[in-house]
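To keep things simple, chains are lettered A, B, C, D, E and F as they appear, and every chain counts its residues starting from 1.
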Amino acid sequence: MTAPGPGSVLVVSAHAADFVWRAGGALALYADRGAAVHVVCLSFGERGESQGLWKQEGMTLDGVKTARRAESTAAAQALGATVEFLDLGDYPLRVDAGAEDTLVAILRAHAPDVLLTHVPHDPYNTDHDLAHATTLRTRMVAQAHGHDRSTAPLGAPQVFQFEPHQPEVCGFVPDLLLDVSPVWERKLEAMRCMAGGQGHLVDYYTDLGVRRGVQARRNGAPAGVTHAEAFRRTYPSVGTELR
Amino acid sequence: MTAPGPGSVLVVSAHAADFVWRAGGALALYADRGAAVHVVCLSFGERGESQGLWKQEGMTLDGVKTARRAESTAAAQALGATVEFLDLGDYPLRVDAGAEDTLVAILRAHAPDVLLTHVPHDPYNTDHDLAHATTLRTRMVAQAHGHDRSTAPLGAPQVFQFEPHQPEVCGFVPDLLLDVSPVWERKLEAMRCMAGGQGHLVDYYTDLGVRRGVQARRNGAPAGVTHAEAFRRTYPSVGTELR
Amino acid sequence: MTAPGPGSVLVVSAHAADFVWRAGGALALYADRGAAVHVVCLSFGERGESQGLWKQEGMTLDGVKTARRAESTAAAQALGATVEFLDLGDYPLRVDAGAEDTLVAILRAHAPDVLLTHVPHDPYNTDHDLAHATTLRTRMVAQAHGHDRSTAPLGAPQVFQFEPHQPEVCGFVPDLLLDVSPVWERKLEAMRCMAGGQGHLVDYYTDLGVRRGVQARRNGAPAGVTHAEAFRRTYPSVGTELR
Amino acid sequence: MTAPGPGSVLVVSAHAADFVWRAGGALALYADRGAAVHVVCLSFGERGESQGLWKQEGMTLDGVKTARRAESTAAAQALGATVEFLDLGDYPLRVDAGAEDTLVAILRAHAPDVLLTHVPHDPYNTDHDLAHATTLRTRMVAQAHGHDRSTAPLGAPQVFQFEPHQPEVCGFVPDLLLDVSPVWERKLEAMRCMAGGQGHLVDYYTDLGVRRGVQARRNGAPAGVTHAEAFRRTYPSVGTELR
Amino acid sequence: MTAPGPGSVLVVSAHAADFVWRAGGALALYADRGAAVHVVCLSFGERGESQGLWKQEGMTLDGVKTARRAESTAAAQALGATVEFLDLGDYPLRVDAGAEDTLVAILRAHAPDVLLTHVPHDPYNTDHDLAHATTLRTRMVAQAHGHDRSTAPLGAPQVFQFEPHQPEVCGFVPDLLLDVSPVWERKLEAMRCMAGGQGHLVDYYTDLGVRRGVQARRNGAPAGVTHAEAFRRTYPSVGTELR
Amino acid sequence: MTAPGPGSVLVVSAHAADFVWRAGGALALYADRGAAVHVVCLSFGERGESQGLWKQEGMTLDGVKTARRAESTAAAQALGATVEFLDLGDYPLRVDAGAEDTLVAILRAHAPDVLLTHVPHDPYNTDHDLAHATTLRTRMVAQAHGHDRSTAPLGAPQVFQFEPHQPEVCGFVPDLLLDVSPVWERKLEAMRCMAGGQGHLVDYYTDLGVRRGVQARRNGAPAGVTHAEAFRRTYPSVGTELR
């Protein structure tokens, strides 16, 4: 808790690119510090978030998935993270009991100190809601002493919600502005990996990073902070310091 | 921000004893670490929170104030904190422009890295509401570059709200469970200083400390955490760590 | 608590007529049962709620006040209640320290088991907000053991918020639907006393009584319930029954 | 409504022990008054809430279920209640159409005047959320005139939410503090029946009972109230009294 | 956006009659203006909202459905709307993947500029919650560029939530009071079509229309507005005017 | 209501520059359409929002006020608006009865169809809270038939809250994204007038305008919308259209 910080960080991302735009800085920061950072993409975002790819002549669903897998894998590498894809479908995402079991096994295998995922309610995108609900449910199962006695129960990792596209309408009130200035170039590099599908978002999220940086300074961060990412905790933080 | 933590902590307490029951552990913790911890009591709680004293034969308002001042000063000493009393009256507390100026001057003089005060809405005790509102307003004035050019503007200290007596009805949702195990004995000693006025609360707040400690462990604190205090941040925290 | 119910009911009404439209049924019900029911009107509603009177040729402020006093007194009598007027002005209502002292003295003199007043936030009418805040503040002062040692401290009466004119926009969520069927005729009689100033509201509030009666039946009230009034508790109720 | 109170009380408990810790006092109180009190455990809590049992050498899932059934049955008897187990699994609980039909049939058979269950949102335990949602949904089906014409439609019983383990984080704001002082010994006896699985909670919930008792007195309960349980209503209460 | 307004309006109604009581005025208004107005009834409300029909001797489930279909079709015609029935069952409504696909196809075929449906949380009727969630989810799927490349993606129609039966308890805060005075007679005619199943509601909803009309005038509508319906937007409105 | 829109727009701005950053586009838009647009600055923001001016050698409070008056007047002119300054002081703003009377007279003189002001709760700046509360209170007084019988009562203008600097922390959820693309150059010109005091904000608010424009398009605005401003309504809108 007061140790050098989490050694294992795990992200549950509804679509293949969400983790890049919304939490890429946090991931790069922890990878830089030597943490094991792992991303689970529940889907490729193949139907709903690959508009650029679908404009290409003769594109197929498999073609989109392949392209998205390549882009996201490159982005994860740029951030220093590993990534896997559960291919559960998007728009709508569907999570059955088998998919839950898979995710529970992943949680136990990685034993994350910190989880990151979407907000609980996004009226623009109910896949995000389901990713959030699935994260809480599988975290609970992974904690159960009576589940799969051959692996060790999960502890009580905090679940950080990352920023949705339209934060106010989703009821997102940030309670942590994370300084990602030292790794901004790496987030930029990762964002550029997504250019085939959603390239127009690079500028948008760069501006957002600057804006959150300004707000961080207004909330007491040092003058050198240039870029930040916003998060919301699901549970109270615990610790030995007033901060 | 990632430094050893605040060097100056300031509490705005509506009544003379609030800081003891609700934040005594936090204060002792920081005093122990060498921080300058200062308490501003807006009133003595002479009318509304001195039931035990009023039961004494021939007690007067001045007598109650004197007793409360002595108790609170002893409690502050036990915690390692300094204390001052603005004597603004209680039940109801009244804060005029002069009192605000005094508090602004105190804020600039102490330059706290962290502020602690009451929740914004306590339907049982509107003095608490006024203490909260006064803290935000005077913090804002103390930050203004055009206010009193002879002293330095305040930075942007976080305002931690401490736990009210009936948390749920006050809308208090803790987002920090602070481990105060190492200093619990000192909080206990401070609470016992208040025995003349509100002695029956010592057991109540001891139980609460244990209960918050259990919750801290359920939220990921180490097994050695036995006592905690609950707080709520007014602003997002800023930092370089996901916690 | 499980006794035959409150023996003393007190209403804090921002304007002279509020208590009639919004809580007349409750007052008549308790008066019928032998409770002492008392109404404190902070103002006559002379500027803002006497549109009908102002249409009369040559009407003056004093004339409006006189007419409103007469109407409200007649309405209170119809309900079986006593009434007094503090004449603090309306639109805007202003409550100074002296007015607070007066209200504290009234609270101690009547020692109500139940208080009724406005909601905390009415964006259409900030006089209502002030009446609510004043009720909570003076209730707190009246409870203080160190306030005016010649009179007895108030207990902990529940504060019921009555229904505002546009409930949803005021954030009013009723948690008690009170069956006022047995006294509806008396409320109707009281409402008709206000005809000089706001006569058009009689039908409106009659319809509302029916609507709340329908909702009461949908929430489990017996089929014989024809009219109800809606309230919201400020504090948890206490008792020996699950209801 | 103003009659001697509910004659039939039914609890929907996600796991085998929840009803004991969270509502045992309420159940004993009504059993004492001659009400028919029935508990439906959706699962045994076999995986997630039987840590003590799993520590026993060679324990199996069936062994845990058997032990939990025995403990919960003994606890229900201590409270004066009957109990049945639907064995739907825990961590995660899963409720299919067949399970819903079973619960609807139980609701119609018992015709409860009052229902008790979990809060709608518990981020620590999504089984609780599902138990809440299932209770509202099956209550609705049981009310439908066109469902199973051979049994009688359910009325409109209130649904009381009992207190979760971390109330503030679950958004639990109590609006009823129920005096369970007369039956505290029976709740204690029931809690002790769970010692095999969760024995460490007896002290925790005893302290909570005392704390809620203190709060009840602060909200107007008589001085003799020593222990209380906290609940939240899902619907407005209806009645003929302001309380 | 600033054009003469929507040319295509689509309603997702959980039960066969909901669209009449809650949004009949809005539908008639747009039909009058030449818009294509289409209603999708997810169920007939055959079990839960046909109490009057079930009282008839020898009534069967098919008989109720037939009667409800006839009533709702007549009501839709009276409003100038077309209607279709998905017959997914009620109390509880169940929506599987196939039903979602059907609704997505309907959304793409009608390409509505405006959607209307239920509120997200109705503790009295979870079918309403499911209709809301289904509307958001299928709207999202219909927007996806990678879904069914043979039909055109949906734009970003606003989703208006219509008024539930007990608005405050459902957390319904209206942000649009729609003047339906010019078409009130048509809504009345449509409501009377439902007389076989829920005839007692005609007066209730007539009173509600008047009440919402009064509120509209209080919020600035012209004096000629006699009847209104209340709605809540799910997303921010966009436009070129401050209104 | 469905007419060409408001003919009179009035802004209540806590400090001299707030109206420029937060609502400059809206003001220019309406000025362009021929509406009378008037700004009331309660203070000059002389102490708290003139950091750049205070850095100038030998600056005095009067000097800051003079400079701010000049800047704001130029900005208002650039937007096509008139402006007046009540000089009530800032950090903290103080509004006494006389100031309220002045504002009521202004409201009656301008008879605005639309009001714009700050959000109700801004924990960073309680001057904003007071400006909001003062707007609601003086609007209410200006509506009263019995207030100053020599001038005409105000109607029921909507109160639009403009966007605070840290929207989520202030609980600001926009419900109107106003297309200000046609007048963006004029807002830019107005913002540049403030360069002496807060010049660093021009880029920040330009980025924000773009970001809100993107969001407007995501909520259905035409592709040509490049810049938007976000607002929140205080009351339900009324009208004859679903938008």
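In this section, contacts are C-beta pairs under 8 Å (C-beta built on N, C-alpha and C of every residue); 3 or more make two chains touch, one makes a residue touch a chain.
Bear in mind the structure is a predicted one, so any value in this text is a computation, not a measurement.
Under the touch definition stated at the top, chain B and chain D share these contacting partners: A, C. With centres defined by CA atoms alone, the chain at the far end from chain F is D.
Under half of the residue numbers found at the chain A and chain D interface occur in both copies, marking it as a different-residue contact. In terms of their C-alpha centroids, the spacing between chain C and chain E amounts to 37 Å. A straight line joining the Cα centres of chain A and chain C is 52 Å long. The residues of chain F that reach two or more other chains are 124, 169, 174, 215, 218, 235-236, listed in rising order. If the chains shown are joined wherever they touch, the resulting network has some other arrangement, not a path, ring, star or complete graph. Screening every pair of chains for touch gives A-B, A-D, A-E, A-F, B-C, B-D, B-F, C-D, C-E, C-F, D-E, E-F. Of all residues in chain F, only 46-48, 50-51, 54, 61, 64, 90-92, 94, 123-127, 169 touch chain B in the complex they form. Taken together, the chain F residues at the contact with chain A in this complex read 124, 165-169, 171-174, 204, 207-208, 210-211, 214-215, 218.
Residue ranges on chain D touching chain C, taken from their complex, read 1, 5-6, 9, 26, 29-30, 114, 116, 155-158, 160, 174-179, 215-216, 218-222, 225, 228, 230-231, 233, 235-243. Chain contact summary for the complex, chain A toward chain D: residues 97, 100, 133, 136-137, 140-141, 143-147, 149, 159, 234-236.
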